[in-house]
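Each of the next two complexes has chain A plus one more chain, namely chain B in the first and chain C in the second.
Then we have the complex of A and B:
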């Protein structure tokens, strides 16, 4: 089969960032043209994906596009995989991207700075997201994955002069970045052990639970779990609500937080056969699901409510994939307990994005996002309340929305898992409780926004009187639009929520659109299309739904759980931060005492301990054969001179004489090199001795008299010195003893002037082997060494301020010098 | 710091040019005999250091045609260019070219290796680093 070209998908990935950059070229005063240019990006993306799909259809999970070679040696090339999951996500990301560009314009008002910064950053993020969902090479996915971390850092820390905002952006970046690191490790381990570097190859992989694969899988899942805000790493998502609402809508409902779910979906086709799959995913997923829902109910801030319901829904999606690792029996067939996963994901995006959009719009109009203060907001702005309640109804999973069958399918999956283990009945209870909370949240929204009894109400605040004209509760510009752009505050939400009802009321149409994208359709009843409301089978799952609705109504109307509680997990990151900064500082102060002799002691003790350790594990190292020292008398003589001068060193009191003795020691070594016929080494050593003597003479006079009190005791010093001497001496002997002499000598001898076959007939053209090795055979090392040397010199220049700088400081004081 | 001794000054005046000449000699013959850019660089640095000790920093700066840090960058640049140049001819990094040319009026053919340029780069870096460091260190001590 011919592979489709990558062109359209490449265009789809890079169009948003290009359009975003292009929008920077437009004069800041022309806001509308800027929006239109930025709009081109996601529109082109959306259309290109559609064109690709029209040309080649939805790909199977193993049919990638043609490879564009990039870095083959790293197994990193460019190829795309537009299978059902990838194509759906690509359309979702670019489609919501279009709406966000439109929504951001009235949200930010006419603020030139924000309009200027927003579209390129958003374009960058959209490109990264498109890259994640379309890439076929795992490492390419990872590359884009990290790009989303970086761009979301900028987007979350949008109000860059506010401490809170920057702090939360760092928190999100830190958390998702750590996950990304784990994912990198996982991909590398999986790739190097299985030889698979592409998602399309994973489909053909035969899973086996070797330790390597399990570790790789766990690490990849850690990446997905941090990105998708799984408990206990969920704290960054509610924290990221400091971002402007267009960002929250895009990142935290539809795209970035779904990247983790997407990754799990990508791994699903093969990895679900691992025995660890359901447990690793279900346990955090289930906790996240219930925890998120309960916490969401206990919030007042609209964005925080929706943030926690997002956390909850992400847990639910993870659970859905986790259940997919379980098999159940149906009519003699073994089926996986997963169904219509793309619909599950779409369902969440189509109600959560409108909820966020309207939350931002309400904050824009009313100046507050506090639910009790919005009591009776219906009288202020009807379209917004209508859209929000429509979306809230879907959040509750009410019949008539696509949410209802989606939740039913999830309940079905749990129900089928009952026969595998009783523990899934606990999961069923957790799922029902989650649904209860969601229904209760809708009931709260309904009663409060419409100003009905049982609603939450802040009596000191009347939104109809105090709310209007204060529109800066969300930190944005005070400008309020009229007409088209004013409508753009809520129309994008309406467009998205319409899909909910399309799916709920016309399941045939929904199934016609989404069935080709679904790779996992198992149950007989729903094989071709989703059911109408009245077609639901009577059974445990439907009873679970009814329980949820009933329970939700009761909880929502009751006075229970109406406070605004904090989340204890918000302290995780500050604690880790504190640990790093303070712990790091303490460790630094411990190791960096600032006394030179302690550094020397540390370095040499490490050397001695390392040597002792290796001798312990390899006793053969003690076994060294030496020739008789009496064999060559000039060497023996010089050796004695070296030893005597070295032993004299500690006995001499005066420093100058010490330097001279040290020199004597060094020059004897030079002599040693000479008699053993190493003239190059001898020369180098000679020069070094000369330079060090000069340097010592320069420096010595300036040193203070030695502080004997602070130095370690004499016995210690002798012991350490003796140990270093023995270690180094032994290591030298070992090096000389290391079996047969390597063939390097003859090789260089043969090749240094004229090459042999080994070097392809190219010699170094020199008779001095040492030098030819330095500049030719090992020239790259030399290049590195002189680079290091230069950097050391730069360091000296930077650390010692020198006369010119000091003169400036004297003249202007140290601050003036720095300025 | 300056060690002002008339004997030292006089001898340094003689030693300096000789050492520099010796350094050049060493670096050129280094490919076939003991020597090479690294050692030659050290020889030259020692000469400069002694000069600095006897005549002072200002005199050394006047003596050097350029600041030591320029020497470092030039040397590093030479080494880098000679390493990369073979890539332009489709050869691996750091391939050196060996050959002989006949210089007019000289009877013996001249044997050369392009690694000499690389070696000269090493020489310049070594001189630049050691002279520069010693200058700054001694300045600090004064």
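Then we have the complex of A and C:
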């Protein structure tokens, strides 16, 4: 089968950032042309994906496009995989991207600076997101993955002069960045052990639960979990609500936070057979689901409410994928929990994005996002409230929306999992409680926004009177638009929420659109299309839904849980930050004490401990056979002289004698070189020893006489020194008596005058092997040696001021001398 | 011979560390100076014993010069040490210069007091 060309998908990936950059070329005063240019990017993306799909159809999970070679040595090339999941995400990202471009225009009002910056950054992000969902090479996915981290950092920290904003942006970047690092490690481990670097190859991989694969999978999941805000890493998502609402809509409801879910979906075809899959994904997913829902109920800020419901829904999606790892039978059919998984994801995007859009629109119009203050907002702006309530109804999973069958499918999967383990009954209770919270949130929105009894109300604030002014909670001060652009504040939300009801009321149409994108449909009952509301079977799942609706009505109308609570997990990042800054500083001050003696002790203890450790694991190191020291008596004599002169050094008090003893030690080493048949060494050492002794004497004359202070504790000094000495001596003995004879010596011997085959027939042309080695074989080494010597000489010359300068210093003081 | 060298390395290094742990900057300098001796001796020990085994009396191998004898010692350790001697001399000279400068600018050459002292920048 011929592979489809990568061209259209490449265009789809890079069109948004190109259009964004192009929009910077337009004069700041021309706002509408700028919006139109920025609009071209996602529109081109959307159409390119459609053209590709029209030409080649939805790919199977193993059918990538043609490879464009990039860095083959790193297993990093450009190829795309437009399977159901990838193509759906690409259409979702570019489609919502179009709406966000339109929505951002009235949101930022006429603020030219904001728009000038916003569209290129948005384009950058859109490109990164398109790259994640379409890339076939794992490392390419990772590259775009990190690009979303970077671009979302810019977008979350949009109000760059506000400390809070920058802080939250760093929090998000830090958290998702760490996850990205883990993911890189996972991909590298998986790729190097299994030789698989492309998602399309994963489909043919035969999973085996070896430790290496499990570790790689866990690390990849860590990347997905941080990006998709799974407990306990969910804190960055509510924190990221400091971003402008177009950003929250795009990144934190519809696209970026779904990247983790997407990654899990990408891994699903093969990895779900790992035994660890269901548990690793289910447990954090279930906790996230319930925790997010309950916390969402206890918030007042609209964006925070929706952020926590997003967290909850991401947990639910993860749970669905986790259940997908379990296979259970019903009536002879294999039943998989992630049937219609694309619909599950689409469902969330189609109600959460409108909720965010309207939350931003309300904040724009009313100047507040506090739910109690918005009591009776219906009187101020009817279209916005209608769209929000329609989306809220979908959030509650009410019949008539696609959300209802989606939630029903999830309940259905959990219900059938009862057969596997009783623990899934706990999961069922958690899922129902989550649904109760979602229904309750809708009830709150309904009663409050319409100004009905039981609504939440801040009596000190009347939105109809006070909410018309400016001073927005969203940090912009431009005047409001009228007409077309004013409508664009809520129309994108309406466009998206319409899909909810399309799916709920016309399931045939929905299935016609989405069925080709669904890769996982195992249960034959849903093979063609999702059921209508009235086709639902009467059973446990439907009862769970009714319980949720009933419970939600009660909780929503009751006076319980109406406060705004903080999230204790918001402290995780500040604590880690504090730990890094203070703990790191403390560690630095401990290790870098500035005391010379401490450094010496640290270095030599490491040496001693390392040697002790090696001896512990290899006791044969203690067993050394060597020739008798009496084999050559002049050597023994010289050795004794060396040792005695060295030992005398710390004992003598007078400075000059000390230097002489130092010289004696050096000259006996020269003698040792002679015994070892090294005339070159002996000559060089003799010369430098002489100069050194003279230098020492001169230097000692220049220095003040020593302070009469007692030396530090002698015992531990001697103990450490002896330990180091014995260690190093023993290592010398070991090395000199190791079994293998030196191999390089004969090589130099053979090649120093006449070459052999090893040197291509060219010898060094010298009889003195040592000299030939120095200037020929290791010529660059000697060049380095000369460089060191020259630099040291230059340093000495530069540091020691000449006599003329010194005279000047004496005359004018050191200030004049320095000048 | 290897045993003798190993003992020499052990003694020199022990003295060197002992001096480095002292309080006087001059002692530290001497310790650094001795360190190079210990390192060189430990490297030359790699070329095995220069004493010819099995020969009559105490004959030594020949120097690593072609035509000097049939059994020269290993030349590579010598070449390495030759490089090292020059470099350790360079380092020594630089160190002594720094010590002289410190002696001029600081009030003390005690290592512990120097750590606390705020030296004027040249």
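As a convention for this text, the second predicted complex is superposed on the first by the 612 of 819 C-alpha atoms of A that agree within 3 Å, B and C clash if a C-alpha of one lies under 4 Å from a C-alpha of the other, contacts with A are read in each partner's own complex, and residues count from 1 in each chain.
The working rule: a contact is a pair of C-beta atoms (placed from the backbone, for glycine too) under 8 Å apart; a residue touches a chain by one contact, two chains touch by 3 or more.
As the structure is a computational prediction, the values presented were derived from the model and not from experiment.
Contacts of A:167 after superposition on the shared chain: neither chain B nor chain C is touched.
In the overlay built on the shared chain, the residue A:117 is in contact with neither chain B nor chain C.
Greater residue coverage of chain A by touch, when chain B is weighed against chain C, goes to C.
When the two complexes are overlaid on their common chain A, residue A:675 makes contact with chain C while staying clear of chain B.
Of the two partner chains placed by superposition, only chain C is touched by A:639; chain B is not.
Once the two complexes are overlaid on the shared chain, A:793 sits against chain B and chain C alike.
Of the two partner chains, both chain B and chain C are touched by A:782. After overlaying the two complexes on the shared chain, residue contacts for A:569 are found with neither chain B nor chain C.
Of the two partner chains, chain B is the only one touched by A:694; chain C is not. In the superposition on chain A, A:60 contacts neither chain B nor chain C. On chain A, the surface patch touched by chain B in one complex and by chain C in the other comprises residues 679-680, 684, 688, 691, 695, 699, 702, 767-768, 770, 774, 782, 786, 789, 792-793, 796, 800.
Per the touch definition, chain C reaches chain A in the complex via residues 1-24, 26-28, 30, 33-34, 37-38, 40-42, 44-51, 58, 60-67, 72-76, 78-79, 81-83, 85-87, 89-94, 96-101, 103, 108-112, 115, 122. Listing the residues of chain A that touch chain C in their complex gives 593-597, 600-601, 604, 626-629, 631-633, 635-636, 638-639, 642-643, 646-647, 649-650, 655, 658, 662, 665-666, 669, 672-673, 675-681, 684-685, 688, 691-692, 695-696, 699-700, 702-704, 706-707, 709, 711-712, 717-718, 720-722, 724-726, 728-733, 735-737, 742, 744-745, 748-749, 752-753, 767-770, 773-774, 778, 781-782, 785-786, 788-789, 791-793, 795-796, 799-800, 818. Here chain B touches chain A in the complex through residues 1, 30-39, 42-43, 45-46, 49-50, 53, 68-69, 72-73, 75-76, 79-80, 83, 93-96, 98-99, 111-113, 115, 118-119, 121-122, 125-126, 128-130, 132-134, 136-141, going by the rule given at the top.
Of all residues in chain A, those touching chain B in their complex are 679-680, 683-684, 687-688, 690-691, 694-695, 698-699, 701-702, 762-768, 770-772, 774-776, 779-780, 782-783, 786-787, 789-790, 792-794, 796-797, 800, 802-803.
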